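Structures are listed in the sections that come next.
Look for subunit A in each of the two complexes below; its partner is subunit B in the first and subunit C in the second.
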Partner chain A sequence: MANMVTLTIDGKPVTVPAGTLVIDAAKQAGIDIPAFCYYEGFSVQAACRMCLVEVEKMPKLQPSCALPAAEGMVVHTETPKVVEARKSTIEFLLTNHPLDCPVCDKGGECELQDMTFRYGLGESQFLEIKHHADEKQWSPLVFYDPARCILCYRCIRVCDEGLGVAALGLSYRGVSAEIIPNKGDHLECDECGWCIDVCPVGALTSGTYRYKSRPWEMNYVPAICTHCSNGCKTTLSVRNGEIIRSNNRDRSGINGEFLCVKGRFGFDFVHNEERLQSPLIRKDGKLEPVSWSEALKFVVSRVRETIERNGKFAVIGSTRTTNEENFYLQKFARQGLRTNNIDHHRSGDVITLVDALAGRTDALATVGDLYTCDAALVLGADLAQQHPLLAYQLRANWRHHRSPVFVVTPGPVREDQYAARSLRAEAGGEVERLEELREELKARQNLVVLYGASVKGEAVRRLVAFGDSLGIPVKYVCLVDYVNSRGAVDMGLLPHLGPGYKPVEIPGMHLDAMMAAPDLDVIWVAGANPLEGGREFASKNAFVIVHELFLTETAQRADVVLPSMSLYEKNGTVTNVCGEVQRTKAGPKVMGTKSDLDILGLLAAQLGFDIGIPSQEKVLDEIRRTVRGYNVPLPVLATGGAAQAAVLNGNVPVDAQPEQVRPSGDTLFTSGTLGKYSKRLAQLMEAPGRLFQP
Partner chain B sequence: MPKIQEILKGAAAIAKGMSVTIQEMMNPIITDDYPDAPPVFQERYRGLHVLQRDDNGLEKCVACFLCSAACPVQCIYIEAADNTEQERISGGERYAAVYNIDYSRCIFCGYCVEACPTDAITHGHGFELASFNTSTLIYRKEQLLAPLPEGATGKVKLDHPVAVGDGGH
Partner chain C sequence: MTFSPELEARFAKMIASYPPGRQKGALIPMLLYAQDEVGAVTDEVIEEVSRRLNVSRVEVEEVLGYYTMLTREPRGKYHLQICTNISCLLTGGEELFQHACRKLGIGNREKTPDGQFSLEEVECLGACSWAPAMQVNYDFHYHMTPEKLDQLIDSLRKLQ
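For the complex of A and B:
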């Protein structure tokens, strides 16, 4: 335990670890000290002078963001002297700040506006004409208005320290000083847009939200980002059923304020004009729009007829649907269609890991563990490209705690910048090089191992054996690629495993076998695109039912296309890469679509399948009661928290089918089908995959 | 005897009443001849809103949503959009692409006018709003806008945006 010091702030005694800044100590006591340049988690700037406080026995006012708390210190935060100083600070900040709040996007949620209302004078002593500089567009997503900038350096610090991109800097001096992007007139970076969010004024504005609405006009919906598997919480700002922006200013969720370009800007696929809004049926070789009732009736008649003549079904599930939908889908297939031919696109070998760690508790890492672990080992994955939140957590851990990161990858990755050691190894051969790191890893107190899709099958077992031989607590993360890839495995969208890794009696066909089987009668694809890249079903005459958002390659082959909802439009839970279950809520609305749960529920009712009520709450209740490890506490989910599913408690005595594991190959700027229909991601100069190397 | 008294009393009452009538006949008329003649309004009468234009004919409204926020009955609906160099609609950086007032809800309180930072929305003297169909009571921007000043097109290409309140103290 660190040394504790006790100080008095506004008459309240506060005990904090030595070295804590007075501004943080005050926050702990429930006292808010205003500040523009101070930002929790980043280096101290002490540039704005807004957080000045009076400390007894110190002759001048002190900036509380740069003042470590000391034993016996007596701090006053709201004395007349302090208020006077803050008033003057605001007056100086407003010397050149234009009073264009009515047209400024930040108006209504602007820290400078709030502070002006709290302390500011209605009038200024400065009568000179304000210094003006024209607004600039740095990228399709970032605009900068130097006139509004108060030079707090928050954007520079999050970009440099937080992400390691360092795309922003300061140029010129005095009144002409302004923030400059790394390419002089434009930005080349991760385009994450965090700089826009941290800006306390309206100097940095978002190209997507720009002049669209005002903060009080929108509804805020807590959702989980539907792109990668990291499961960042994003708060959707919705107006009239349309997403206008997406950010997480309230720092709720496992990601705090962090979001990547896909989370912050990649939501526009929802309102793409190519979204399917009515069911399609193939008539005379062409897909024609029909009503929902006609489409469902058609599906029911074909499915019933196939069941009656004992036809063969195959079901391909989605990695982007909720746990409830996945659970219901496998129940629909196993109990309704009476087939175990069910699979999904697997992007990481979770099954072998669960088997190899059988009987242990606490061997799977959470996103939070990445920030608190004593060392981390990354095998065969480019975290900055594919798992931006995990990369951010590791970097933050290194920044704040100096915890080393060890990297074994086929090519150079961004983590090399600060990694304690970076080794290069052929894809699939990463585990072989671990012996070289043994001594360094042994010296740490604990370790988190993250491995990508190239480590699968026996390599996972060797990796766990290596971890055991180190003699320190080791936790693992099996990296998977899509938002609910992990949930799809846990919910049993597998031919040989039911929900909770329970082996089924007669295993069905896996994905490759389904593709190659020549005698399937009905292929049911619920939100996946197995025909991507020109592949084909070997069953030429199979009746293909597809739930999709867009007319993908698979939907074009379909006989019936049912327009489904994206994750942003429905309620449910998803499981992220670390097995953390989180709840997502419905934000926007797209006319004519139905959730996969509703589609399956309506069909089950018409087909007479007795598989339970298709309501999200009822299915979640069943999951919590029946699926191993999913008895997660509801209050945690309800309050927007993440609860890790404890799936480790027994052997999984099946072949893990590691050959079925195929990485998606997505980058920071692509996201499978959804990314293709996001115009904003496509228009970036960095797309589809160039990662900026500082 | 009581009968004469009664007659005199009645006559006195009539005379008293008629004196009021005759006095009022001498005073100027204060009621209007509406609908035969147009009504006369006080300057500050709060009638149908008018969205004002500036001297160039550009719309004054910059779609800041303050009127809609101030409105106690939520009858103002706005959609904002960005002015482009090719087509400049308002003096500020943004303009109201959609501006609707629902007169079946408006209570003519004038809060929107007070809230407006650019004096774009004002109360006019229009009052003939009655309709047999409530859907016609939602007035669009085109119905609310002031007529263009003489010779103006309402679409002006400026060298730089006019910042609202720039240099104001």
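For the complex of A and C:
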């Protein structure tokens, strides 16, 4: 690499690209320089003076977070002079700090506490009464305690630079200086809570977590957010079987620290008092609670009887269950119930894309690619609302690498703020506008194209043809909506395709056909709500079996309701919008519920279906052996990584049924059924939000 | 909202004098002149200025909170600013301020009920050589004493 410089830090030679900040160079050498205002990936603030170091031939101590490394520089990070300076910095920071650590949420994981422990002196020269300002509530989720604030500007920068929301500022001066919200006395923002997480002290606290727990009282469980297809890793803090908070401070996973409001706060649906905790059976027209054994026996007898008289089954799978459960469900349907009438709520045309790109390698983008690509093109999606992590990645790519983003959408989107070009096109007409962008796109090194549900069927093929005509490497993302939408497609919850896009001999009914069929005997809905919004099954007399968390419209129509677990309560893998497979682990427990895999496994055993052992590991093993592209490396999954499934290795010679694609329409503040049962989300003045609006 | 034609002309000239993309630089003078005309930096003023300079509302509020000469609440017709910073403190600025409080019957950052006078304790006015110093609106008054302050207030009262 050109322009490398070598400097010496604490006696160790370090070689870094010119322009690297000394604090980053030190990190590379394994030397940790204390810092408050410095935050990796965000602009330099140099406000706190905690990172001062001694540099030979420089007369004064230098802030290493603002000092570019230079050839031959000799840096000392822990000399008596430096230690003295840090002690003084802390002494100043503590002049008005309330030191209410025993009751502060941050106690135990507070950077100021840690630094005081490391450097602090036990006494202060200040005898004055501490300046006090009262705590403020800015939104149901964000509280600010100015007395604790050390004015590091981290919150301001993540909100402005990171998210493009810019809801926070700093006003007043001297001891009165404090952070201010965008609406005078309150916040109107994405409510993502990232500002709370990055706050090095307990100045910003969260409505869900404040005064609830001490950090060392909780267990930390690596889970995948259940609210959208982006697949953010979130670390659930669980105490006594209850999720107390959700964040990702260790930056593990594809999202680093990023989480949107749903990932960080939307977990409370898990403990909603309306959760179903006992199976229900319809008796005299009413759903009555019964024991699991009675419910399962009832299902077994009705299913067995239907099989015996060659009755008709239809199975509607879930977009929020694990790959293992989806795989097992389609096996249950195809080999057990002997039907191909299986489908799910499809939210993007993945099938046409997989066919159009058949045989290529490197044609599907990962979440990481969005940060490294040379340009991105977004068609028909309000990314900041519908795919917050992907939007974040594109913004970071523009911020750090100036990679342009082009958008073609039916209305204004947040990406317009910085997009190289923003075109408006009717939903479905996006691809027709691409010629206008040809010259600009052609000039880039490579491109990632993301398209929403309005681009489907032939439009996807035209899009790929356009991509090919540019003469640069192009990767694609088909924007599906739910946490395991991609997994549902890949695992063959489809009437005409089995796992790995393998066509089945005799295709079954798709979702619309099932809804309209008048003669179904059993409708099995495993974690979906097809009757949402007043829709009905045309088969009035069908026996309906529903696995659900809540008494949804579909569950209310059921003859048997089996209380199932949410994604946060089980182990398994899910596949995100980019086809990246990740592992999620069970955190909280809700009494009386079972995983869909357990439910199906118990029923399969009683029905005598020989479809394999219903253990998550065993099913994953089978998936890895038999499903095209899913031979993902286990160590990657085991260590919390994401492994992209290689699904592009053969044509998919079937009708993709693009008319079955229906976007969820979820915004940043809604999450279908789960969102309705999240009181936190419902409380927000911003909810439910709107798509393609200024 | 629109301002008086004179102010509009002033704003137009001001905005044009910053290099392209740096119009934000006009923020402080615009707020100050708008305040002079409207009497305070009202919500409407914030809205208007942030729209014209393409800065967020929170950025405007950052500036508003920082600069004490900007006010969200209308002040008295005569805004008395008395310096109690070091040079003035040493030469009687503090007593002067206390005297003003008693004379007007109001405290720091308060306004007389008739709306004629408001009072503010301020930091260095840059007039240390002539301390103690104070300002009435934009006019400076030097080497102040309680007696001179009485006369000043009385003469302002007469102007009413």
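In this section, the second predicted complex is superposed on the first by the 688 of 694 C-alpha atoms of A that agree within 3 Å, B and C clash if a C-alpha of one lies under 4 Å from a C-alpha of the other, contacts with A are read in each partner's own complex, and residues count from 1 in each chain.
Everything below uses one rule, namely that a contact is a pair of C-beta atoms (placed from the backbone, for glycine too) under 8 Å apart; a residue touches a chain by one contact, two chains touch by 3 or more.
What you see is a predicted model, and the numbers here were worked out from it, not measured in a lab.
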{"item": "Joint occupancy of subunit A by subunit B and subunit C, clash or fit", "value": "fit"}
{"item": "Subunit B versus subunit C as contact partner of A:Ser124, first or second or both or neither", "value": "first"}
{"item": "Partner chain in contact with A:Tyr172 - subunit B first, subunit C second, else both or neither", "value": "second"}
{"item": "Between subunit B and subunit C, more extensive residue contact with subunit A", "value": "B"}
{"item": "Vertex subunit A, arms to subunit B and subunit C (CA centres, degrees, nearest 10)", "value": "80"}
{"item": "Which superposed partner A:Ile180 touches (first subunit B, second subunit C, both, neither)", "value": "second"}
{"item": "Smallest separation of CA atoms, subunit C relative to subunit B, angstrom", "value": "24"}
{"item": "Subunit A-touching residues of subunit C, taken from the complex the two chains share", "value": "56-59, 61-66"}
{"item": "Subunit B - residues contacting subunit A, complex", "value": "62-66, 68-69, 80-82, 92-94, 117-118, 160, 163-169"}
{"item": "Subunit A residues touching subunit C - in the complex, by the definition given at the top", "value": "166-173, 180-184"}
{"item": "Subunit B partner contacts - residues on subunit A that touch it in the complex", "value": "98-103, 107, 123-124, 126-127, 129-130, 132, 134, 147, 210-214, 216-217"}
